[in-house]
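Labels run A, B, C, D and E following the written order; every chain starts at residue 1.
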Amino acid sequence: APSILRAQTAVTFAVPNPSALTWLPYWVAVGEGYFAEEGLDMRLEAIDGSSAVLQAMSAGQAQIGAPGPGPTLGARSRGVDVKFLYNLYPRSVFGILVKDESPAQTPADLKGTVIGVGTADGAEVSFTKAIMTDLGMVEGTDYTFLPVGDGGTAAVGFMRDEVGSYAGAVSDAAILASRGLTLREITPEAYLGFFGNGIAMLESQMAATPDLAPKFGKAMVRGMRFATDPANKEKALAHCAVGNPQEAEQDYAASLYDGVVVRMTPTEAFIGQGYGYQPPEHWQAIHDSAVASGALPEALPDLAAVYSNEFVAGWNA
Amino acid sequence: MTMAEPRPLTAGPAAPASDYAGRPVYEIARLSKTYARNRLTALTDVSLTLHKGEFVSVVGSSGCGKSTLLKIMSGLLPPTTGRVVLEGRPVTGPRDDIGMMFQQATLLPWKTTVENIILPIEIRQGRAAARAAVPRAMDLLKLVGLGDFGHVYPGELSGGMAQRASICRMLISNPAVLLLDEPFSALDELTRDFMNMELQRICAEQQSTAFLVTHSLAEAVILSDRILVMKPRPGRIVEEIVIDLPRPRTLDMINTPRFGEIVAHIRDLLGKEAFQ
Amino acid sequence: MTMAEPRPLTAGPAAPASDYAGRPVYEIARLSKTYARNRLTALTDVSLTLHKGEFVSVVGSSGCGKSTLLKIMSGLLPPTTGRVVLEGRPVTGPRDDIGMMFQQATLLPWKTTVENIILPIEIRQGRAAARAAVPRAMDLLKLVGLGDFGHVYPGELSGGMAQRASICRMLISNPAVLLLDEPFSALDELTRDFMNMELQRICAEQQSTAFLVTHSLAEAVILSDRILVMKPRPGRIVEEIVIDLPRPRTLDMINTPRFGEIVAHIRDLLGKEAFQ
Amino acid sequence: MTATPDPNADTVWVEHEALIDRIPRWVAMLVLAAIVIAIWDLATARTGWVSPIILPSPAETLADLIFVGHNLLTGGYMLDALWTTTRTVFWAFLIAIVIGFSLGVLVGETKFGERAVMPYLVAIDTMPKVAFAPLFIAWLGFDIASKVALAAFIATFPIVVSTAAGLYAASENERMLFKAMGASRMQTLLRLKLPTGLPHVFTGLKIASVGVMAGAITGEFLGGGQGFGALIRQSASTLDTPRVFALILYLSLLGLALFFAVAWLQKRLVFWNKADRPGGVG
Amino acid sequence: MTATPDPNADTVWVEHEALIDRIPRWVAMLVLAAIVIAIWDLATARTGWVSPIILPSPAETLADLIFVGHNLLTGGYMLDALWTTTRTVFWAFLIAIVIGFSLGVLVGETKFGERAVMPYLVAIDTMPKVAFAPLFIAWLGFDIASKVALAAFIATFPIVVSTAAGLYAASENERMLFKAMGASRMQTLLRLKLPTGLPHVFTGLKIASVGVMAGAITGEFLGGGQGFGALIRQSASTLDTPRVFALILYLSLLGLALFFAVAWLQKRLVFWNKADRPGGVG
């Protein structure tokens, strides 16, 4: 292959979660050789949370990262020149989940209940708060949050009936379902704009390696396109198995795959803009709720600097 | 029964034990001990009998197995072969009726002298009995000249003082059999003489049977009814000498010709085997 | 210079030190020591002078401060007041020219007997010198009757054997001044007599100055040029006795009337103050 | 040391301490602190070598230290959190002491414990405690009980190992003495082996006092709750590193207090061990 | 014990070991394992008291144990992960020993160390190590170096405390002896205090051997990489608890090996400490 002849630069991509399906287009691009074609020698490092991803990026250990938008705003407010480039989860990763047999059908039914969250001010908190505030409910009087952690400890929250609902990543629902705890999502469609993690780089990094973002995004979009074709599912799953062989051994991997593809596909309104597009109004909403919840000490002077859609057209070309 | 009557004056080898007045309490036969660690035969074919109220001493060169013999007699070490019987019951472990004084004083550093002394009572009869024994412990301390040192920690005692304290610890429980391993080695002659006389008095009063390891021939002679002479490599008893001095013994007996004769005899015996 | 010439035969209190032949090496004046821990005055106003090649013994009842005196002389403990000068230099810490033997044998359990003996060489001159000293250490061990026990660990030695090993440890570095704290207390008389004669020979050969704590008056008399008598509470020197027996001393001197006289005199002195 | 000493002068011992020991404590601590802070400042504020979202500058941290201190002093929400964590640490330490000590005695005193129980304890303790957090929460809920369990779990092992080691510390002579006195196994244990082993036990307690802090914070990290660990995690998740470090510094005051309380207790209880001056003899 | 002993019979010592000590090791271990597994089975598979999401049943765990074992034996991806973790643990333990031992000597031997350095060590060690993980990654990258640093960091403290405690173990007589021989401070340290303190040092090493495992896994949890910790995190994030427990069980074999290697070394090096039989004297 011609790529071998070109000098390859090792690039590290830091992600906050060890699941390979969560980074589906990446593993497909690796497996299909898209990165190699761009002359990129990629490494993926799964570390603990978006903050750690941003820290690794600012330390220069990772050139590209996949943080959530909340922590990205936080880092920006602390003077880190991070820029969000690619919206990986245009349909959000979060959802409000209730037990299958729960009478609750909409968030309005959660009045007077305890809502489980990962941590007391994770991104899911501002997400949920925004929904509840729009319904005229106030935290502390109409509902309360209980930090229950994620994964196993979150499941415990349901099983001990300490929480009636849980605000968390929807992939958790698929996992819990496979373990015999069926959850139902009651997130209103309108709030799916609270998109999830995406690809980000430091501005200084972008200046130092100007062709990295175009090449990386291009391969990602190609991977995404490959993965959305149902005919390629088997192959895509096999590519993900390289990244996380244990996940591939799970019988629910196939159904999780479908869920991921849905969440990664932009809504009707924005599908025309191509993969990776970040609607400014959604950024504004995320920003405002972060300010309202106190996660951001004050409003950012120039929210537009946090993200950029400049490469989207090129990637989708 | 007191030991005051004069007895047959035969200071000779292996006077048959049956000559003796008291009933046998301690019987040891064909005892041998090999230390597993270095395969060293410390004792071989040791036989001896102690009678009720008798005072027997063991002398012998350093390393000939005296401490080993005492530890076996007190049930602290198992013999390799042979019999150890006390009051008709084989000794297969420590017994309440034996009082043992070790060659090292071994006082517990976190207890004051008097607390160290009442320790055996505390162990056998509990704290209340131990508290009740404090006055007696103080008396014993006064007796050995440590009246002022009851509430001092062992780190503040001199070598001889620690040794005296450990004698008190042995005496506090009035044991029927006393096994003493060089109890007075760190004492000056005067204190030693005094302690010897006290020991004689205590044994006579309680009719205790005593078995003493000592390096002082004078001490052995003045205290004992019989003296056993041991030789090393392997440790064995080569001679038994009956001391025919009348009881109660007094310190001026040391200056009698008979005393000098016996001491000279033993020194001779020990000297037979040249040093090294 | 050997000590063989007869000297003025005055066994009396406080013979002035200047009568003596050798040049003074050790000077101690107005020494006193109070232990901070229990505010106990262990020594008060002790003055003494040791001359080159002299052998001086200290006797006194248990707890009168002998070990304390030795520890101060060797620079292990600071005096509370007073002067300690060796070879013109004040003693303010341990010195290479002093060899000290402690009342407790204190052998390191992880070293064999011979390794324990060469330890001072190892400390002062390094491993190579220590290795070179092994044959000499084995000779010393043979001398004290432990020829077979060089490669045995201290846990397998008897009390007296450990004591003998620690004597070898002191002798290995040929110190000019020997400070000995009851070195032979755990030895039988025969071994003890033999060791005494060896000690005399070694001191004469090396012209060492020796200072010995002992409880055996016979040992003190047979070895010493002078004997200091201490009394307790507070510890002090009450008498100095010059021993006028000719040198070299032999064991049969013990049976001479002069010997008996001197021993009796000291026993008397010690006995003046009643026990307690 | 004069070559020709005045014959009337007393011998004065100059206790020649090594230079390193003559430095006064506060000077040493301040100098050390100054060096650390200087390097820290250099790496962050001066050169920007370390990004502020990884390591805040000393000045930023100080500002947050004051903020947190103010909140604590005025009884704000942080005081509640600190109190929660303190309670967690207290109970966990107590439980770890009781269980660790009992297991330590079992392991050190019986062959059964040494050979059969110890391998299991080692195996359990090697396992990442994090994996047990859900178990503890399932059983004990989201309250401090589950954090107490996790912290106690972490702190127990050092106490077990140290206590067991301490029981071997008595010398053969001392064992012989107790045997000769006819002491029961329990008496030998209580009156000889445990007092002799106290220095070992305290080594374990010191290590555990630090482990229990780590355990409580880990528990609060993983399982929510209202403690200091949760505050730290919140701050960390918004990359508010100055706050993270300020909180951690207050937390280490709690750890220091616990550690030195144990050290103080040791000085009191192991009073007979006089060899407590570094380098000294008397 | 016959009342009228045959005068020709030897006295036979029946070493009356306590009942608990007479149980053979393998029986005891098997019985303990059986009890634990029975309760575990009861709580999970039989009664469903504990949900399988939190605690898998023994049968499920066994299935995964076989699966993981097969993968390890056939040189699958898990073997690579195990090898990575083993290397991490090895280097971290080595570094922890060197640093912990040096600091322990500084703390135990000098007033400067005891009074000025120790408070800082305690303070640092009380801090949640998790907060330092990003720092280590920033400096050392995603490779095993950052995990080694974290694991060594966790394992160092027990060695410091134990080594320092060990330096106090020599008796006053022994110190006097060395002083009298004119031993320098360094010689006293090397030839007396350290050998005497070895049992203490080994206590610390044992605790550290377990701490270093925990540290390596925590590092891999938090900071990417290819080790066993990453595998556990993957399984945990998919709530595959049987796999989590299977992986943890294999991991604890590594921990057991390390711990008992240290214990074996102790037996060899501290050979003179003969009081190594529980309850025994001889």
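Convention: a residue touches a chain if its C-beta (ideal position, glycine included) is under 8 Å from a C-beta of that chain, and two chains touch if they have at least 3 such contacts.
In this text the structure is predicted, and so the values were computed from the model without any measurement.
Least step count on the touch graph, subunit B to subunit E: 1. The chains touching subunit C as well as subunit E are B, D. If you tally contacting C-beta pairs for each pair of chains, D-E comes out on top. With centres computed as the average of Cα coordinates, no chain lies farther from subunit C than A. Between subunit A and subunit D, the centres computed from C-alpha atoms are 40 Å apart.
Centre-to-centre separation of subunit B and subunit D, using mean CA positions: 50 Å. In terms of their C-alpha centroids, the spacing between subunit B and subunit C amounts to 29 Å.
Measuring from the averaged C-alpha position of subunit A to that of subunit B gives a distance of 87 Å.
Among the residues of subunit D, those in touch with two or more other chains are 50-51, 54, 134, 138, 172, 176, 179, 236, 273-274, 281. Within subunit A, contacts with two or more other chains are made by residues 51, 55, 58-59, 151-152, 155-156, 159.
For subunit B, the set of residues touching two or more other chains reads 76, 104, 155. A complete list of chain pairs in contact reads A-D, A-E, B-C, B-D, B-E, C-D, C-E, D-E. Those residues of subunit E that touch subunit B in the complex are listed here as 1-5, 7, 9-16, 172, 281-282.
Listed in rising order, the residues of subunit E touching subunit C in the complex are 173-174, 176-183, 187, 191-192, 195, 271-274.
Looking at the complex, you find that subunit E touches subunit A at residues 51-54, 77, 133-134, 137-139, 141-142, 221-225, 230-231, 233-241, 243. The part of subunit A that touches subunit E in the complex is made up of residues 12, 14, 17-19, 43, 45-48, 51-52, 55-56, 58-62, 151-152, 155-156, 159, 175-176, 178-181, 244-247, 250. Residues of subunit C that touch subunit B in their complex: 35, 37-38, 40, 59-63, 67, 103-104, 142, 145, 147, 152, 155-161, 163-164, 182, 185-192, 194, 215-217, 267, 270-271, 275-276.
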